[in-house]
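Let me begin by presenting the structure, written as structure tokens, before commenting on it.
Letters A, B, C and D mark the chains in the order given here, with residues in each chain numbered from 1 onward.
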């Protein structure tokens, strides 16, 4: 029998030295061999009923367009986080009052807007884009955009941005418009939709940017397509589901974010996937079971489905439910990181 | 000074032996060092006025659906060729009378139809596709298709196929439908247009085929888009020009053929390119100068612009001219074979 | 019972009028409903034994570099054709004597060279490329290239070009080098192979062209890889088969042509496909059954396998057979036109 | 003059309510309008001299293959972080003693190994991959891999993984091999390199995975290519630089990580970019100025260059410096998030 080798170091001493040397022993790093991702984010629903008043009160504490207050937006943060509705996406309500303008800026994070109440304009790269309830409006990464409200009712929409991801990637850049206020309009209203919205492409000036050239997907068109699609059947896990599509590639509307609209003729079966998302209730009421928790929702509410979390939707009886969804799936696809599981 | 070497063979004798050996001396093959392509095909216009009566007389000499006579089509052949309107494309008029059916078949060549008169149906893979004047209808390679005419006026359209190319590539396959007649309808009317025609994509069952999933690009939509686009200016060589687009890729409608619609607010400047095409007059009248030759045209006429041939279009004064165009550009792009020249 | 309708035209008269109108009745065009392609090209083998002397005699009837005689090449034409070894490809032997130069030119057809005898140089875009037996050398479309022979034995190689295809597409352009003779050398020998030949890519100056950046695939490397691959088994239809690959895309060496090297440990089972090809015997002897015809072959012979023609290879007993192959498969892939059948 | 409107809420009260409602006012979120990314990570160098002894002492406190201790690896964590050498990548030294084995597992993070000392084997998907100093070995995402050491000197390499990114994306999955120990060898040594390492691709069984099929880029080949490339000049910001390349795509070796080797004939000019990286000194000595801080380095040291941080390298005089680099550039490219700046 051999004598035990003489040790040159005790454990405590050794691990202290590693710490000083800015290295960690892999065999003591927690979670290294966990079979599945640990997801800190939790399911949560934000209710319109409670938040709409807070949004209006914001007009009392901040003036739009003054100092840093370029946007009157309430960002929903996951209860487990200081920032971010999920680990990659941030959603929230934004309000512009009649007569107000939100000055032009641009930034490397991309954004989508799902219109909830009132009507007004977002300007994107010189094109005035009309926003009406149910419309999806894009303000993609690095495009100049401002918001203008010539109407007479408050306009409120759901914002969706990839800021948590872009910041995490140390890739966030921001710039105010040189004008200090609004940008010039150099395109007619309806410009992008008329050029790209009908399976046709102008042969001149094909855009080189990585996002959809359509800045406004109108509710009327989208909803009609959804109803028609419903005639061809429904998917047990996703209902009747359309993706808003970049017509220049057939892919997602933004390189970082996918948007969908779903009609739910019946409760969906449970599924989970690595991609995370935020659902906004475009029409109807019901509840979802997310990570074992029941989230009740009505029109204009939105809720977070964190990564790798089981979820299913249950529309209220005799109610037409339409859900808008933003997803970070495009962040996973290039790397083969998406996984999915479905319950039968 | 050296004596000339003794030759073992005379030229005549030598070249005869090469011929027997099935080899040709490169240095005697004509055209090897020609700086530019020799194009045999010539400009030509086919006039509706003269051909429509011949199309109707065809009903006297052939019965649709009997024997090999599955289609009542007159194929325009370039005056320099036995077959083919250009070296890659064949165009022509096709007529179906009220009450007639053209039985279902499929083939490796792909086809497009630009509707000229009457109204009826083409069935594509189980979907009944309504055809009305100005519509572009696709029957892509290897799709089952038939034509049905429940209406009461003769329906006539312009056919466009890639048969000369596909035959030249020894890749033409043809199959009659097992039913011997029409295929079954298993999709509702408007199916493909409603699913893919508005910047939206169903998330289930994304097609894997290489052609556009839209089977019918409606005249109303296309023409309206063209008029709108006209407000943003015109290109001196191409006027106001839209490409019918595959919304799943942003590319051409068929892997072998591109289709365009152009509005010509003024005469275009001359251009030439390796791609060849056939233009059909959707609206208006005028003339084109093609390869130095004047081709006059009226509504429903069509004309061939051969490869590498200078051309320019001249609309008649005070006339709105809209040209439909099929082009073989997609056959050149994968190989970097397209070249273009434009006159200032 | 109805009386037969009065006909306004007789058949003969009618068809005559169609002919004048430059239209053909589809129902009388032969082959329209043929189930499979009609292939005019026939199997044929060109034997080195018979052609090598003819190649040498060519030096008696033409001087390289004089007049139009820029290349001393014998182009193998299919017995069914005036030009073209298959309908898309042309192959042939080319000879350069010691001390001779073939002046620089460039053209839109692309070319490959499979070296058979002697050693010398091809210059491609300023890079001198050493050619030794078994090497594959590329002179892609639109690259300046010349041939130089500083050695002391005649150099002979197999040419392979896509000229029949490019001419058929009316896309052939040709240009002599402005120098009138050779181009300047501005890169060292081995330049392209060292930069791209080992799974590595220089980060600066990534080429934008559509062909492989490697100009010379050396026999030693290729043959060694083939022998190694043989240890992992063989495919019953293709033996042990490698494709020469564009390391910037993982695809074919030229956009129009694919090149392969196969080791045949045993007779292959029969197959056919729409793509056509030319095989050259790099090593060994045997025969192939092509379209029912037996083609015997020895080293340096080459033979045509036309489109959609059954073929199988039978190596002679106790002989190592290596076949080089050029194929027009890349011309079919972008359009989904390839089809394959294999016998079990 | 109007009286000030009566406020329904005080600021303090209001912001408290927002907090309860899990929303944050965008106008008070710090950094929202920062023009450039705030990067928490700092420059740092890990010195071989100090860490090698710690690595050997690790053999005293942990036994390889016992319990969770599957790998004897010291993970370098950025001084600003608990985990991660940069915000996306983790690097570190790993040691296997003669006779030891590190059991097989697989995980969704991908890994690369740059070999520093000794020689041994990594098995990847059944292929034994020889590791010798200077070799780059891949163990891509979701591939079974183990390490074996039949030699007689300790083997040490630099690990590089995308774990911080994959965990941040909630996409980390881990699995021990069913055998509980090593996997079976079912491919010969040199298998992947011989199949894909020379510009050739076997026509059978083309891999569908998104990573390079070459598992071992040998130092001899890479270094020779680098020296050759040096003859063609140097880039003022990057020296002579090669990317290890996926021969099936021409792209990065892993979908999440790029690897490079650079020769530095002279000091480089300063640059910064959003992508972050870790450099390891393959040969020579010198220092880098990173974020204004001087980092001295010798052979086998490695150092972190955080995102958007200026850096330049200064080789010691009369020393050949070769740097290996791993970069997270592939994580930015799909989203258009990379930006670069260079000093002249």
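The working rule: a contact is a pair of C-beta atoms (placed from the backbone, for glycine too) under 8 Å apart; a residue touches a chain by one contact, two chains touch by 3 or more.
As the structure is a prediction and not an experimental result, all values here were calculated from the model.
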| item | value |
| --- | --- |
| Of all other chains, the one whose Cα centre sits farthest from chain A | C |
| CA centroid of chain A to CA centroid of chain B, Å | 43 |
| Rounded Å distance between chain B and chain C, as computed from the means of their C-alpha atoms | 30 |
| For chain B paired with chain D, centre-to-centre distance based on mean C-alpha positions, whole Å | 52 |
| Sequence positions of chain A contacting 2 or more other chains | none |
| Chain-chain contacts as defined at top | A-B, A-D, B-C, C-D |
| Residue ranges of chain B touching chain A (in the complex, touch as defined) | 187-188, 190-191, 194-204, 212, 214, 217, 221-222, 225, 228-229, 231-232, 235, 238, 241-250, 260-261 |
| Chain C-facing residues of chain B, complex | 5, 7-9, 11, 14, 17-18, 21-27, 29, 31-39, 41, 44, 46, 50-51, 54, 57-58, 60-62, 68-79, 82-83, 87-88, 92-93, 105, 108, 141-142, 166-176, 210, 255-256, 274, 276, 306-308, 330-332, 334-339 |
